[in-house]
Amino acid sequence: MASTMSSAAKRPSRLFRNLSAKIASVPMILTALVVFVGGTLWTVLYSFTNSRLLPRLKFVGLDQYERLWATPRWLVSIENLAIYGVLSLIFSLVIGFVLAALLDQKIRFEDTFRTIFLYPFALSFVVTGVVWQWLLNPDFGVQAVVRSLGWESFAFDPLYNSSIVIYGVLIAALWQGTGFVMCLMLAGLRGIDEDIWKAARVDGIPAWRTYLFIVLPMMRPVLITTLVIIAAGIVKVYDLVVAQTSGGPGIASEVPAKYVYDYMFFAQNLGQGFAASTMMLLSVAIIIVPWAYLEFGRRR
Amino acid sequence: MAMSQTLATDGPRGPKPRHTFSKRNIFIYGTLFVVAVYYLLPLYVMVVTSLKGMPEVRLGNIFSPPLEITFEPWVKAWATACTGLNCDGLSRGFWNSVRITVPSVILSIAIASVNGYALANWRFKGSELFFTILIIGAFIPYQVMLYPIVIILREIGLYGSLSGLVIVHSIFGMPILTLLFRNYFASLPEELFKAARVDGAGFWSIYLRIMLPMSVPIFVVAVILQITGIWNDFLFGVVYTRPETYPMTVQLNNIVNSVQGVKEYNVNMAATLLTGLVPLVVYFISGKLFVRGIAAGAVKG
Amino acid sequence: MSAAANPSVSIQDLTLSFGTVSVLQSLNLDIAEGEFIVLLGPSGCGKSTLLNCIAGLLDISDGRIFIKGKNVTWEEPKDRGIGMVFQSYALYPQMSVEKNLSFGLKVAGTPKEEIDKRIARAAEILQIEPLLQRKPAALSGGQRQRVAIGRALVRDVDVFLFDEPLSNLDAKLRSELRVEIKRLHQRLANTMIYVTHDQIEAMTLADRIAVMRGGVIQQLDAPQAIYNRPVNRFVAGFIGSPGMNFIDGRLEEVDGGWRFGTGDLIVPLSTYGFDKQPVAGPAVFGVRPEHIGLNSGSGWPFSAKAAVDVVEPMGSDTLVWLRLGAQSLSVRVPSERAPQTGSQVEIGFDPMRASLFGEDGSRL
Amino acid sequence: TDLEVTHWWTSGGEAAAVAELAKAFDATGNKWVDGAIAGSGGTARPIMISRITGGDPMGATQFNHGRQAEELVQAGLMRDLTDIATKGKWTEVVRPKGLLDSCTIDGKIYCVPVNIHSWQWLWLSNEAFAKAGVAVPKNWDEYVAAAPALEKAGIVPLAVGGQPWQTSGAFDVLLLAVGGTDAFLKVYKDKDGEFAGGAEIAKVFKAADDARKMSKGTNVQDWNQATNMVITGKAGGQIMGDWAQGEFQVAGKVAGKDYTCLPGLGMSNALATGGDAFYFPLLKDAEKAKAQEVLAETLLDPKTQVAFNLKKGSLPVRGDVDLNSANDCMKKGLDILAKGTVIPWTDQLLSQDTQKQKEDLFSEFFAKPDLTVEDAQKRFADIVSSAD
Amino acid sequence: MSAAANPSVSIQDLTLSFGTVSVLQSLNLDIAEGEFIVLLGPSGCGKSTLLNCIAGLLDISDGRIFIKGKNVTWEEPKDRGIGMVFQSYALYPQMSVEKNLSFGLKVAGTPKEEIDKRIARAAEILQIEPLLQRKPAALSGGQRQRVAIGRALVRDVDVFLFDEPLSNLDAKLRSELRVEIKRLHQRLANTMIYVTHDQIEAMTLADRIAVMRGGVIQQLDAPQAIYNRPVNRFVAGFIGSPGMNFIDGRLEEVDGGWRFGTGDLIVPLSTYGFDKQPVAGPAVFGVRPEHIGLNSGSGWPFSAKAAVDVVEPMGSDTLVWLRLGAQSLSVRVPSERAPQTGSQVEIGFDPMRASLFGEDGSRL
């Protein structure tokens, strides 16, 4: 009987199954392959050349990299990015979480506070940079105001002090970004099972401990999303520095993205810029790829 | 019974009294208030400064309210501030920004939502790989891609045109938006999707008629993110357009950086505020939806 | 009525509203030391709310709550001497089982040896010794439930509160754990308040069941009393599965004897024990499927002919759906005596085991 | 025909000067579409280059003449202007000759120089020195000596803006002034790294160190803000190119009375000539190409040259124009030019890459007091030896 | 064995893996026209997976699927002539009930009048006419379930697939809808494949039950056969609530007769019907709680004394947990005959109704 049925219907080609889905994914595939993979490979390839204003395939081996790592500005940029990255990651997570936890206390005017914390996120880095440059200007910003109030020796001029300028940038960045982190955290907090809170109260665990030891570890997915978003922003930090300090004073607040940009376009040394961007990609890859693989590649 | 009567006569009854000025409340509201001041200060300074005349700006305290309110800086920023020979302020940039933002937002969200939908519901061989590449792409500094994209756009003949910029925005908006949409669609019950398939609906009709109507919250989030992102973009705006299509941020940069003698901080602040106005308004109006949308699945990892 | 002389938990005039929605109204409940009380009722009737009020997790609007004779109305949950077990277990997912058990004690500053002792005891009682080092994610549903109970156990509380602790588990596990909880109660002899909407759980576990509806306790009684003499139609219909058969009709006095009738169907009520003085008028007659006999011949005060509509074998028993005039009746019979669909059968029952409800739904 | 022209002249004086060019071009019946990009050449150049390489070229664009556009020309993206040049006899009118050489690649002319800029000027505020009670210095050394007095009076002795090119330029000026022409050429033309690390250049670094000490307290970024400090007497002086002149003019200051200018810092008599030039990308549109020709001619037109350079504060590229209206400072410059002691400037001598490295070094040097003179010189020598 | 001559659904060597995890292995199943098949099994055993394979919602790894004699292995779900009803209803939330019903037809391009006709018919069958204009959010659970069935109904399909359609509903509604589905089947006479892990549903609804475990069909048989003669210990334990009592021991031949023994306990097996030739060795003896008699005196081939451990009243019946030597036994008795905790009772049963399992778990 089975044999009478076994005719008909051949297995259709794999390629044409879900054809619409594949067609619809063409933009994504193209972006992934052509722009991200293609662009990256292209960049890496040309980082081994001595391309100046225009890309050309004249290979010079690792020369660009040797020069890169001998350049003080690059080293300063890396150091800045490390300081800025670590601190902004820590502070935006901590501040964002604390604010979210405070807002989660069934307080009045929650909407108002949330909007206040969130609005800077609506502004561009250019705007943020301009405003904070103005606020931190020692001649008429916070320092001047405090001095005019009688505290003559007060000194707060991060933008004009090489050793702390990166913190000046950090202040502005946190102002701009923590609201969004708070929002994500708040969403995460609201997603925690109500019973956990009750259980903790019955157990007599103080609220701060509950947040720290119970709730926070439960927010892993949110933390990861947040981390991706913050980290992606950190690596790319550029506009803010340009608008706020232009990398100054001197080269004290330079960042890698700016190095790349300056050397590619300003110094008209594409090879050097490509080498620097390859280094950035490499460090991103070392951190991100294993994680992305675990997070998105294998699961499901 | 007797016992419960003796119980009933004494002790607290009803809700536990709450003190408005409990230590806890003072701590919470105190902290929130202080932080709120930190967040509001820059806005306050911007507004105040933009309403002062230049002499007052130079002499006065940046925090002091204007003695004499003038809207001249706003007018100047909007209509007459000069960059080179063009003295029409931000006004031109505003419409350019609108022309850039609207199609970019629509296209980028359209592409990303379809991507997210395909990734969540129509997984095919390699789809996760492309997605992983996409996510890693989110970390690539834009500067790295600047040059390859110039080449790509040149090859397809869209360099310098508005459509070129729209494509660029769609490309760079794709990773994070696709992530949002994928997570959201994956959080919708899979059975809904299966039911629609059994009903005979195909890829597009499921997307348009089942999924879209259900994904308003995430669309709100995406729209808000994209409007602010694209409106605020400077780098692509300046690299991939030409002067007559410069967006507002580029004009802002031009005004702020075109110093004619002394910096006109009041005009700069007014220009800054004007530039930020659209995203600010979007946030103030739909901030609530934004938070709700994020809670509704945007953050489910 | 059966309020203990020295109640372990006593709730007086408890009122609770969420904003304008009043969920509990002037609720009174006395629970004796060592008693196992089950709160039973449909979804949304306020069972969890009541439990949360007792635990101190909700701010009540009015009334008082006493635990062990102490007014705890304004106490923090941890100071009430209660332990609570939740439907979703609410285990702290990143801590090992041992940490889950010890966290509350540590925070309270209990000395290390004391903690270890209590954990050892709880683990022994619940037989979770081998699991102590595991994370909750690595436990099965039943094991998680046990750990959740353990968390209450280590705190040495007077009163255990359970909020649907088994409803996330599959049927088999549910019935196993049910027995375990019962044994636990026998061993610990604590007061236990147990919320469920599963009537089997309620019937098997409870010393007394409080059947709730819309924030009001409808009946507070021993399981058999509730099963046999439900105070109103709601309780009657809610308890028993498959549910009681209800027949709308009229109560009439004929020749000094009362009878119930609708259409052709006349049920003499001579054997029925009235709760109150009957009055002629509309009434509902209720009889449980397991109290109807099929083809068992004589001896029933009431018997009639009916057609078999649907037959549902359920293993040892079979549920038979009959058509009796215009009424649909379900009857539970041993499977070996199940009739064929479409056949005619003779049914009968004793009104003594039935219930009659007046127009207002209360038992007559 | 509409022709889009991109440039980065956005300060007050510059904008006024560009307006003259636009006026002259519009008078020919075409239309100057202004594509100003604010924020100095560093911001603007990448955009210009991307557009040219991206296949969406503008009608004409400003570059510093020199090596900035070299590769664009080599890639065949720029228009060959040799025909127009021959017609307009540019080789004869343009002066000094070095200027046109910078526009010439493989014997073909690719750009139109529009002005001559020289970097070697020290601008001093008479008012500031009066306030400090010292005479207006006549050269760098006197200036350094006067610094303490200025500081005492609450005046920043030397205004140096935060933009990297300003510090790097100031150093080059010092190199030419303190080290002399030979040293300058030896370093930048011959790229003699050993020499750059030697004792002679150490002197220059000593001067740069003085400058860095004197510049402490300049909390501004843009060059014209720094100039503005000099104009308002907040700073004693500024080392800046002749374009600063335009700012003084816009502010209504009079050379000699309100301010003093010292070419070559009062120590060197050579003037290096850099300057701006317009390049014309190769366009497909024939009409636009025509307009390009018109623009090229207009730019070198004597009348335009005068009007433009007066506003800009720079010197015209033609020797045959009448500059009676030129002011005190400009005349000093013209004199030197007439004597012919001109040398090429770093724009012509060094690649942008080397320039950028130099900028990085000096902007760090000026901002970071603990970068020692010796270290800085060593790094400078490295840059010079690897320069191209 | 009872495979129909002309099967409505025929599954041949179906294999399905998710990556390296193989969920179904070479599964074969023939379902006759109009048959009501229930797939029963513990969570994760692959029931939904099998259903999804039949529906075409999963790409199978190997094998073939025939519906109405047509090879549909590679067909789109809509072309298979199936309708599917999901546990979560899966109604399109933004569409009215009517739109929900008509969506599939509209997509297929059915003419307007035809759609209306079919909706009217389905609405009438399911009695949801008054609900047609409502959105799903405004429906109760039972109503939603009916609409979900309606969605399959309007498409006039040959085979209905149900994936735990009732498990989101409360007990009362569940038993009502169960009957409705049974009636629907009687009326439509379609082939129905119904997934559940609720054995009552399985027993009451099925013509045949396929008990699954780990992707393999353990037994495919009529409900009573599965209940009375489970092919292995898994099936025996899975079916029946409360579960079958299992006693570990040895099978021995004494004096030509077989008997089962452990410790003091000796059960003679003279009345037991062996499925295969018995061999002496370890074995498990299984007997259902409802097949054990309590204090019913004589007549049992096996009887013994036992102590009452826990008593669980469940309404009409009571579950009694006994201690018989080292073994724990549960017995279901009518509530009126329930013993006291701690008392001694006499139990007895007929091994004929029991099951004996060999070392490999299969029935002896």
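Just so it is clear, A, B, C, D and E label the chains in written order, and each chain counts residues from 1 on its own.
Operating definition for what follows: a contact is a pair of C-beta atoms (placed from the backbone, for glycine too) under 8 Å apart; a residue touches a chain by one contact, two chains touch by 3 or more.
These numbers come from a predicted model, not from an experiment.
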Averaging each chain's C-alpha atoms to get its centre, pick out the one most distant from subunit C.
D
Which of the chain pairs holds the record for C-beta pairs in contact?
A-B
For subunit A paired with subunit E, centre-to-centre distance based on mean C-alpha positions, whole Å:
53
Between subunit A and subunit C, what is the gap in Å from one C-alpha centre to the other?
55
If you average the Cα atoms of subunit D and of subunit E to get two centres, how far apart are those centres in Å?
90
How many angstrom between the C-alpha centroids of subunit D and subunit B?
41
Residues of subunit C engaged with two or more neighbouring chains:
none
At least two partner chains per residue is the criterion; list those residues in subunit A.
17, 261, 264
Subunit D residues touching 2+ other chains are 46, 50, 53
Which part of subunit D faces subunit B closely enough to touch in the complex?
4, 6-7, 9-12, 15, 18-19, 22, 32-39, 43, 46-47, 50-51, 53-56, 58, 222, 224-225, 228, 231, 247, 250-251
Residue ranges of subunit A in contact with subunit B within the complex:
14, 17-18, 20-22, 24-25, 27-29, 31-40, 42-43, 55, 99, 102-103, 105, 107, 111, 113-127, 130-132, 134-135, 140-141, 144-145, 148, 175, 179, 183-184, 186-188, 190-191, 220-222, 224-226, 228-229, 231-232, 235-236, 238-239, 243, 256-257, 260-261, 264, 270, 273, 277, 280-281, 284-285, 288-289, 292-293, 295-297, 300
Quick check: in the complex, which residue numbers of subunit A touch subunit C?
193, 195-196, 198-206, 209, 213-214, 217-218
Over in the complex, which subunit B residues touch subunit A? Could you list them?
28-29, 31-32, 35-36, 38-43, 45-46, 49, 61-63, 111, 114-115, 117-119, 122-125, 127-149, 151-152, 170-171, 174, 176, 178-179, 183, 202-204, 228, 231-235, 249, 252-253, 256, 265, 268-269, 272, 275-276, 279-280, 282-284, 287-288, 290-291, 294-295, 298-301
Sites on subunit B touched by subunit D in the complex:
82-86, 146, 150-151, 153-154, 157, 159-161, 238-240, 242-244, 253-263
